[in-house]
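First chain written, first letter: the chains are A, B, C and D, and each begins at residue 1.
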Amino acid sequence: MNLGVGVIGTGAIGEDHIRRITDVITGAEVVALSDINAEHAKKVAATYGAKFYATSEEVIKAPEVDAIVIASWDPTHAQYVIASINAGKFVLCEKPLATSAEDCKKIVEAEIAGKKQLVQVGFMRRFDRGYKQLKSVIDNGKIGQPLMLHCVHRNRVSGPKHTTEMNINNSVIHEIDVLRWLLGEEYKTAQVLVPKSSRLAKNGLRDPQIVLLETQSGVRIDVESFVNCQYGYDVQCEIVGETGTVRLPDPANVVVRSQGVRFYEIFPDWSDRFIEAYDTEFQHWVDAVKQGLVKGPTAWDGYVACITADACTEAREKGTIVPITVPECPPFYQ
Amino acid sequence: MNLGVGVIGTGAIGEDHIRRITDVITGAEVVALSDINAEHAKKVAATYGAKFYATSEEVIKAPEVDAIVIASWDPTHAQYVIASINAGKFVLCEKPLATSAEDCKKIVEAEIAGKKQLVQVGFMRRFDRGYKQLKSVIDNGKIGQPLMLHCVHRNRVSGPKHTTEMNINNSVIHEIDVLRWLLGEEYKTAQVLVPKSSRLAKNGLRDPQIVLLETQSGVRIDVESFVNCQYGYDVQCEIVGETGTVRLPDPANVVVRSQGVRFYEIFPDWSDRFIEAYDTEFQHWVDAVKQGLVKGPTAWDGYVACITADACTEAREKGTIVPITVPECPPFYQ
Amino acid sequence: MNLGVGVIGTGAIGEDHIRRITDVITGAEVVALSDINAEHAKKVAATYGAKFYATSEEVIKAPEVDAIVIASWDPTHAQYVIASINAGKFVLCEKPLATSAEDCKKIVEAEIAGKKQLVQVGFMRRFDRGYKQLKSVIDNGKIGQPLMLHCVHRNRVSGPKHTTEMNINNSVIHEIDVLRWLLGEEYKTAQVLVPKSSRLAKNGLRDPQIVLLETQSGVRIDVESFVNCQYGYDVQCEIVGETGTVRLPDPANVVVRSQGVRFYEIFPDWSDRFIEAYDTEFQHWVDAVKQGLVKGPTAWDGYVACITADACTEAREKGTIVPITVPECPPFYQ
Amino acid sequence: MNLGVGVIGTGAIGEDHIRRITDVITGAEVVALSDINAEHAKKVAATYGAKFYATSEEVIKAPEVDAIVIASWDPTHAQYVIASINAGKFVLCEKPLATSAEDCKKIVEAEIAGKKQLVQVGFMRRFDRGYKQLKSVIDNGKIGQPLMLHCVHRNRVSGPKHTTEMNINNSVIHEIDVLRWLLGEEYKTAQVLVPKSSRLAKNGLRDPQIVLLETQSGVRIDVESFVNCQYGYDVQCEIVGETGTVRLPDPANVVVRSQGVRFYEIFPDWSDRFIEAYDTEFQHWVDAVKQGLVKGPTAWDGYVACITADACTEAREKGTIVPITVPECPPFYQ
């Protein structure tokens, strides 16, 4: 029996998730959808045989909808997540969970009040083969205790609406979540270095930036964020432990020798780089929801990521080292 | 509406395909199955909610079965494929299509007589990302006209029933199919070199072997087959063209530095190496069957592979260069 | 006509340089030497056919000595360099030029007073093929303007006398020199992050450390210094520019596939890693000296490196960002 | 005391060896030279301070000449080697030792008659770091007993005088020598496959070719020879043993990420690729000659290489498998 999924937001990412649920993973189908661009949403509904609703609230309440996927504009995430909780339905919300830590906190409180975990946040890197292998190497003690992490997160070019804040909120937030998950501990301080900006970063954008995080136990993390690196989409992660190091491989592309060089292609885009992670994320979510469980990153994880990103932004603006104060994790989420 | 699949053979590969159809791909479900080991088959049926049938013929005829997957003992393939054709049902048969070219020919004749393409052979490498990239590089002329192919197909250890013939019939047959597909042309001659055997190859097994193929246009191919290489499962393929070369990458595994070396793991097994190719193969097959089409390797491809493998075996036994005589491809398969 | 070289210090490095001058490079021979361990020095003298002198001052003054190599205990460097200048002889001094910026300054002043450049500092990385290629890529604009440098400098284990200060003075000082040379500009600030220490770093050693440098133009550099990484000697350097990145390769060692992994060896030691750079450094030095010139890193470069290292140490001790104040480069050195 | 070297042939390779003896290695100097192009030879003599002689015979006899390097036109090698033997002088002869096995045999006989080993052949690959590492891995049993070797020898473009024979005589002859040295055994049979030729190979040249060799113990070797591969100079060698494989690395060049790809450069030319091997070869030769010894590849090795190359050429011309009959190695060379 397929899980009936309602999708809120049918922009590029939302439509890709609809394709994924329909054509790639098993056990679910998109039965309802909505978008502020009603015209496009109706076309998508027709293509995939789902019902179009005028409002997201209707999608959430629709009886054929067992679970919800939120892929709408970031500022709308919080209200739809809370509405889903109130409707008692499982919800997978694209990152960020909300645009402020305050709103994340409200979601956490609503979920605790409802006495049932329902919310998963779309931090898909936890489902990437490479990151899972990194975690396995660490957890099996193969490189000793981790001491340092060197990370890189590069995009080819930033979109016209990209801001200096978004290097952290929108991009490094993936590292904020996945590194915390890899290490199994919380952050203590944040600092942000702002190198000379690339002349190819327009409109006063400060790009690149280097985020420095310190964990409770003293692990030091550096994350280069560079959203106008020009050459491709590139995610790197090296963990340095007491007895060895481990790092993500590049994706496996064929190796060509021609015109004086040996080369392989780097993906231009995150959607190619993490396509398998997204597929796995959705399959796992559907499988867990059918068991009545949330097994992926929780609302609490979304909240902590938001607190951390806020501290990074403050650190960048003030040019100082900023403490990251994460409340104690409620038993509900442990 | 899910495609109802009947699976013949619930050994290791058959059961893995049942899991794949059930848990991984979309649009199909296993509704019926059979196996000579009835006891195990009943358990699998219970686990996956499929109906157990005492005979494969019953599975093929069962009204709830829309399409058939054959994963039984190689010598039984031909009869079940023909039964499927006679029942007018689509069938995906694990390689080899049959254990003799003669039997392959009967299948081809039966399919032509039935006037509808129904048979796909389980040459999953055509669905592997790496091989698809190789084909794209060749077809786009990026290395000029191919002149030579250097291939390697290594298994860690061979099973107790492995024979000298099986290096070709069972292992190199994958290269026989996929290289012909890559190049878009037929083979002309075969030769087999038999190096000194590894002392770890037991019972008189001649292992490794080197298969040399020549295509109609004069491309030269060498395929090392080594089923007791000890270190892992390793498939390599390099195409040398007039202006450059392209080769398969190793699978992307994390890179560790420890104890004086930099290393990454090599998969121990074909099932890890080609898991994504199998998933893609099955999804494509299901999607095509729902459209009433065969889009993967056909019975004709299975026939040609068998003819070629037979020529290689003859070449090895006689120690000579043997011509490969492929009949002209009937319009039905063009 | 061979250059007559006097070597001060016949410990491990000194003796290796004697071997290098004698057996590897051309145009020079070791004619005189001294060491506080007179007994060992006499043996070395006998082996290589050089004259043993009781004091370094005698070596410097000896008429058969055209040029001097200093490979003695760090605290003695300054006095022997100044004595060499006073003797009007060319001198190649192993890094550091002196153990304090103050002493470096005295050397610079003595050399300027002598009106002839005579001093070269043993920053051999400038002669490494990889670093030279990095410089060529930058200088040819192939990755645009550099924005960030990510560097790693790891040793297998530290010696018994290694101190927390030496991670910078003795190890990172190589990066301090070579990165400044790569970028062609001076540093502005220093900061040092101190991660959780490895439990394999004994006696209260703070290891690893991360040195953060900012250049005058705003390039940001991070250098991981880890002298107890256990797995080998490993030097990495990645330069991120506006349109691409470039990084040092690992040394070329044969690639083995066995026991489930694909690996190559990492050198255990700096002497293997940089053997070619040392050879080149000495050949270039001899060739330049014969032309009456200093073409490698100068006393001024040694002075700036020392000032920078001191700022890093202060930054580590105080836990703050420390400005690096380099005096204006005298015309003598431009 | 420097070894006085006389160089016969001051073309590109000869002049490079003169530079090498003068500027790179230690313990030798070029004191005499000759060339059929007297004008150019005189210039080279002036540049390097050597004496020009009108004939090679005079160089060989000149009293200041302790040892001879032959880098003249291939057909002249034999006579100058024999003249050197007759003069009782050590000689390093560029490969091939002679242009026929018959002439090689005469050299061997002359050397045996003279009762002293004097001849070394310029098979410089034995001095390449990579090949030495391969030998070490084999000899230490790290991959078990070798069973197969897969080799590639590619040049960017062939010169105007290149002939189909020269793919073997001039190019694969390096593999013929170095593989025999790696394995420590003799060849038994040769076969040559001739793929479709590249349309970029002009004047009827058959290029590429694939040489198949079988050793006495049954190791199988394939060597791709492709002298018009367009993209660069590329030498590959993989040894497959019973428990693992080992292969040459690419030379270490910096790794660039830009314009959608990750790449490193492949050397355009053998002179870049093997520059270190040539340097090492000459230093070893000079050091051994000073000890009165030949430690590199001998006249016998040159003879065996010639016999093997002749068998390959016969195999290519006849299209058959040709036995390689190497006489028993005289005790003189064991």
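The rule is simple: contacts are C-beta pairs under 8 Å (C-beta built on N, C-alpha and C of every residue); 3 or more make two chains touch, one makes a residue touch a chain.
It should be emphasised that the depicted structure is a prediction, and the values quoted were computed from it without experimental measurement.
Set side by side, the interfaces C-D and B-C show unequal numbers of C-beta pairs in contact, with more at C-D.
Comparing mean CA positions across the assembly, the chain most remote from chain A is D. For this pair, chain B with chain C, the centres built from the Cα atoms lie 57 Å apart.
Chain D has its Cα centroid 44 Å from the Cα centroid of chain B. Averaged C-alpha coordinates give centres for chain C and chain D that are 38 Å from one another. Residues of chain C in contact with at least two other chains: 230-231, 243-245, 250, 257-259, 264. Those residues of chain D that touch chain B in the complex are listed here as 144-145, 147-148, 150, 152, 193-200, 208, 210, 212, 214, 217-220, 222, 224, 226, 229-231, 240, 242-245.
Looking at the complex, you find that chain D touches chain A at residues 230-232, 234, 250, 257-266, 268.
Residues 22-27, 129-130, 133-134, 137, 142-143, 243-259, 264, 276, 283, 287 of chain A touch chain B in their complex.
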